[in-house]
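Okay, so chain A shows up in both of these, paired with chain B first and chain C after.
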Partner chain A sequence: MRVLSVSRWLRGAVRAPSGGPGSPQVPQPGRREREAAPGGSCPRAEKVTVDVLDHLEHLALVDFRDSEGVERLQKAIQFADQLHEVNTDGVEPMDSVLEDRCLYLREDDVTEGNCTKELLKNAKEKVEEYFVAPPGNIPLPKLEE
Partner chain B sequence: MLRASLREVSAALKEGHVSPTELCQRCLALIKSTKFLNAYITVVEETALKQAEESEKRYRTGQPLGVLDGIPVAVKDNFSTAGIETTCASEMLKGYIPPYSATVVQKLLDQGAVLLGKTNLDEFAMGSGSTDGVFGPVRNPWSYSRQYKEKLVPKSHPEDEDSNWVITGGSSGGSAAAVSSFTCFAALGSDTGGSTRNPAAHCGVVGLKPTYGLISRHGLIPLVNSMDVPGILTRCVDDAAVVLGSLAGHDPKDSTTVQDSFKPFELPNLTDVSKLSIGIPKEYHAPGLSSEILALWSKAADLFKNAGANVIEVSLPHTRYSIVCYHVLCTAEVASNMARFDGLEYGHRSDMNKSTESMYAATRREGFNDVVRGRILSGNYFLLKQNYENYFVKAQKVRRLIANDFMKVFRSGVDILLTPTTLSDAVPYTEFIKEDNRTRSAQDDILTQAVNMAGLPAISVPTALSERGLPVGLQFIGRSFQEKQLLTVAKWFEKQVKFPMIELEEVKRHDHGVFQHQKSASFS
Partner chain C sequence: MAAAARGCGGVWCRVWQCGAGGSAPRGQCSVAGSARSAAVPAGKSGLAPWVPVVGLEIHAQISSNSKLFSGSQVQFAAPPNSVVSFFDASLPGTLPVINRRCVEAAVMTGLALNCSINKRSLFDRKHYFYADLPAGYQITQQRVPIAVNGTLSYSLCTDNKMSQMVTKTVRIKQIQLEQDSGKSLHDDTRSQTLVDLNRAGVGLMEVVMEPDMCCGEEAAAAVRELQLILQTLGSSHAVMAEGQLRVDANVSVHHPGEPYGVRTEVKNINSIRFLAKAVDHEIQRQIEELENGGTVLNETRAFDSKLGCTVPMRDKEGKQDYRFMPEPNLPPLILYDTKSLPANMNHQQVVNIDWIHERLPDLPSVKRAKLVEQYGILPEHSFTLLNEDGLTEFFENVVKHTQMKPKKVIGWILNDLLSYLNQHSLTVKESPVSSSILADLLNLLERKEISSTAAKQVLVELWKGEGKTPLEIVKEKKLELIQDQEALEQICQAVIDGQENEVMAIKAGNHKVLNKLIGLVQRRTQGRSNPVLVKQLLEKKLLE
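So, the complex of A and B:
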């Protein structure tokens, strides 16, 4: 199983934190956290395997196009790893900010429809009132490196 | 007259100083002559003039529908508009004509507003510069203002003149540019991580992000269902209140809108701020914040203090994780939301016909740009069974911590938070594109993003011009559903700072108008 190593995360153009006389009201500059870490020092050195890449391509049905896409994914994962610094013991996950409310659910009655013509207008390939699709149940070819 | 505020021009329409058709024609002409800004993707001249004519009939019989009757507006191109192409600045939806209008668009039309066209954005609203759409980047109108041009170091080669233009910020850059260049009096944007407030700050207009659940998302092509809201861009805070009044309220077609009754309000003229408690979150002094903006932020805090308000430093300890949390949740929801684009029922369809899966894959490869595909793939990675707990659920937990931070601060008696909106003024396009979209978004969204996590209302108010002659805005964050208080404070602030009007050659030519605005003294 071949693995792709994590590339060094290239930091963007960094502007020096500002000093200067500020009113005591405005807080002092925060320290810059999480500088670019080379692959080895990160506790979870994520190496995305070809199998995982393949799996992702099949799930998402978009391709990585080239190694740039793969590297982008690596960087994204490395960026997301910062989450593990936060202690979330005993914290419930939050799905929505409206979790404390009972949201509106309408009655299960048919109130609209009969818009076949409008809906078919936007489809490229159709026959009578059907959307036409190529044959199914044919899996995508595997990722070739 | 094109430079007037929405309320002023509405009053002029009522009194017959100007007719809706004349106003519409002027705006359309200005759109044509400011085409180089690339703010509009679609301009619907015929339907706009028709709407203006109908509005004129109503005014003549003395029965206008309301304050918005006859007012030219623009809508970001990720809102569905019946009969008008809606592209989201993507190949995937080029040529797509929705069979229905978004609720907010319908509400505007029902009030008689004249829809001029659809504005440009980053592809599928992903980005912070309005540079990544298939129709090209949007140029900030301030790049062509007298104020910016006179501060430019003269170039030795005249051919380089055109390379100085700055970005609008994003992703609702087209809407912000449209309002800023006077081609419309209000525009709709969307705000998921700061996409309305960021360009508002860079273009010197007011950008309001309402509380999540206040305004319907039906018809807004979704990015992150739990954080998206329609945003409002206007020239002044009063106008934002007017537009909010016509858009807010429960929509049975969007079950994430709350059922509380909403009463449109007029903003009082606040004179006494001594009962206000303004919080200054220390974590918002983020690394990279320019010294100019820091100074303006200080000045604003002092302004409130000297007027008698209670200004205190507060802490939102999880602020620095909000961008990481957003990154995970956003990509995960994007992966889910973008799954609907397969070419079968609408949108672009590839010619590949070997199998359904290969057709879908080819369609999506051809239809989406790198940014969108990158986010879909990252999102799918975080949602894999082996990663679900560690990334997605973890991010949801961090989200709760961030929202709790805000709750704690508001519960301790703070009414409004005051923060910068952006880290610096608008950068030139040539500099902006040196970094990729994800890095830029991570940098630029840092001050606006946490608000979307918590679903709170926030507004960016233009404050002053930077040394380069470009606008800088400051952000006010309020309590959930307390837009009236938020806007009242913002209006007071706006009055104090007297932000200067942009001086554009094109507008002066088109606008031999009824109103003359001289805003002389400025805040900086």
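So, the complex of A and C:
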């Protein structure tokens, strides 16, 4: 079983039949900097604005709650920004470790279903055999800050 | 068929009534350059013409036994949440497994629409929150869909009598495989939504058309043709009333030569007729809005069939950010053709594009051409035949069992049978007159045993569906043509003897008066004389 570790990846190890050192799927070793320094010494550090925060909360339905939460978010972004250090010019993005596998095609047979009772067992509320949800999409209140 | 023109170049104008200041008559869509009288060119009224732009996004439910990524059944109107698997309900620990039949359906459709099939296509996640989307994302194909760059040809009649048809094409941007969502039933009184996941996970083909259309009529014709193609292929039943074919229209207007205007999306269109109405209404609304100095918002509107207009939809405020990301649980979908097919692959794991191509049935356009060639009917007739479910088979059955020429039979099918069915809202299958009965009737007519008027009378009786044969009705109502030539001659003579003035006029050279005598003979025989024969007999007596 293959274990994908960051260091192996950067060293340009072969991980696919079509890959190999110098192939377009394998990036060149990059300058790996230190861990994210507190306070944001990374050149791309940007303040997370209220608009961005509002947008994120709306999209992902998370609540950053207080300034400590926002700080943590800021730090997380800085840490992720390290990815910009790697030179990926001419490298094809990899979006699935399964890219060299074949997508299994299933026959068109009915093999599942008919488990209404089981599905509804965990539902907090139900009406006849329907799940109950709040009405439509309730708009979130805008952030003050 | 003639080479297709893309887009209609339709130009809409608003004509203001002088001085009235009230609402002006509707603009007209001019098709293929021939402007109708109401369209006013720029300059005369001072108002610049408008060019409407219509693009369509069509979702067709794939006709398959099980869903796209799970083995639960595809079944319309099943008891709530009874055909839902753990994957469809998005329970943790479940994974998508693609249904081979859905892939084949998409390939068939792509080939029928002249698309390039991508031998390697990818799946993505489209994220948004809604109660009927339990996973919080829909698996779709945003980056590399299964088919791209196709065309759809459709025809429009340029007048109401269907005597002149124009062929147009619309470009197909892409076809992608994606999951359907569940159904939400909004209960506003109790402030809650009831969710049924039976439909969640059903396979859909989204057909994205480029904005090459200019009015409701074109949109409706294009969708109708797509519907016929899908039904012919069997990849989708495409019944709009059952939600198997859903159409969203993107509409905008602009002045010729200027950039495209802001577009609105119109949803909740439940039939092809409403599609034409919704599109035309939205075009009109946008023109009015802009001419009154307002702006068109980039919004989603719903078509209200009762009011016949589009209204803003709630729940869709603001632009959505779907945060597309690759679907990590699905490797690329690889399709093969005979050249690229590896030698030892398991058949069941292979979708061969060439194999599917060889087995495509005749598409509607090919069927129509064959009907025209085989039976000598007009292209317009072939359209009507294919448009009504079962009518082609009916027509071909009648032709098989009668001596009457197909060119004459088609008249009876389209003028008599079809108008009766439409009047009583019956389908061909529900027709009280079967193809064999109609064939019998037409045979009586063809053998000159009854006149054409009598045949129509018999047909009226047959519609009652009382089980009588045409011959029985003819005998009952004494509609047979008089075959006895001598008897006919005697009647002709009697009429001649009674109409001295007319006889003189005919002998003097006015042959038109002959028709009056023929009419009199018809009356005497109660319509049971063959007018051609009567004319011959009268002419023989008077002009020789």
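Basically, the second predicted complex is superposed on the first by the 102 of 145 C-alpha atoms of A that agree within 3 Å, B and C clash if a C-alpha of one lies under 4 Å from a C-alpha of the other, contacts with A are read in each partner's own complex, and residues count from 1 in each chain.
Criterion: a contact is a pair of C-beta atoms (placed from the backbone, for glycine too) under 8 Å apart; a residue touches a chain by one contact, two chains touch by 3 or more.
Predicted model only: the values in this text are computed from it and were never measured.
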First, second, both or neither for A:E129, with chain B first and chain C second: second
Which of chain B and chain C A:L61 touches, first, second, both or neither: both
Which of chain B and chain C A:L103 touches, first, second, both or neither: both
First (chain B), second (chain C), both or neither touched by A:N114: second
Of chain C and chain B, partner touching more chain A residues: B
Footprint overlap on chain A, comparing chain B with chain C: 55, 59, 61, 95-96, 98, 101, 103-106, 115, 119, 131, 133-137, 139
Contacting residues of chain A [partner chain C, same complex]: 55, 59, 61, 95-96, 98-116, 119-120, 127-137, 139
Residue ranges of chain B touching chain A (in the complex, touch as defined): 96-97, 99, 212-213, 226, 250, 252, 255-259, 280-291, 294-295, 297-299, 301-302, 305, 311, 313, 318, 320-321, 324-325, 327-328, 331, 335, 342-347, 349, 352-361, 364-365, 368, 370, 373-374, 376-382, 384, 390-391, 393-401, 403, 423-424, 431, 434-436, 438-440, 442-443, 454-455, 480
Complex contacts: residues of chain A adjacent to chain B: 12-15, 17-20, 22-23, 25-33, 48, 52, 55-57, 59-65, 68-69, 72-73, 75-77, 79-80, 82-86, 88, 91-98, 101, 103-106, 115, 118-119, 121-125, 131, 133-140
Chain C - residues contacting chain A, complex: 64-66, 70-73, 79-87, 89, 97-103, 122, 127, 129-131, 184-188, 191-197, 314-315, 317, 321, 323, 326-334, 348-349, 351
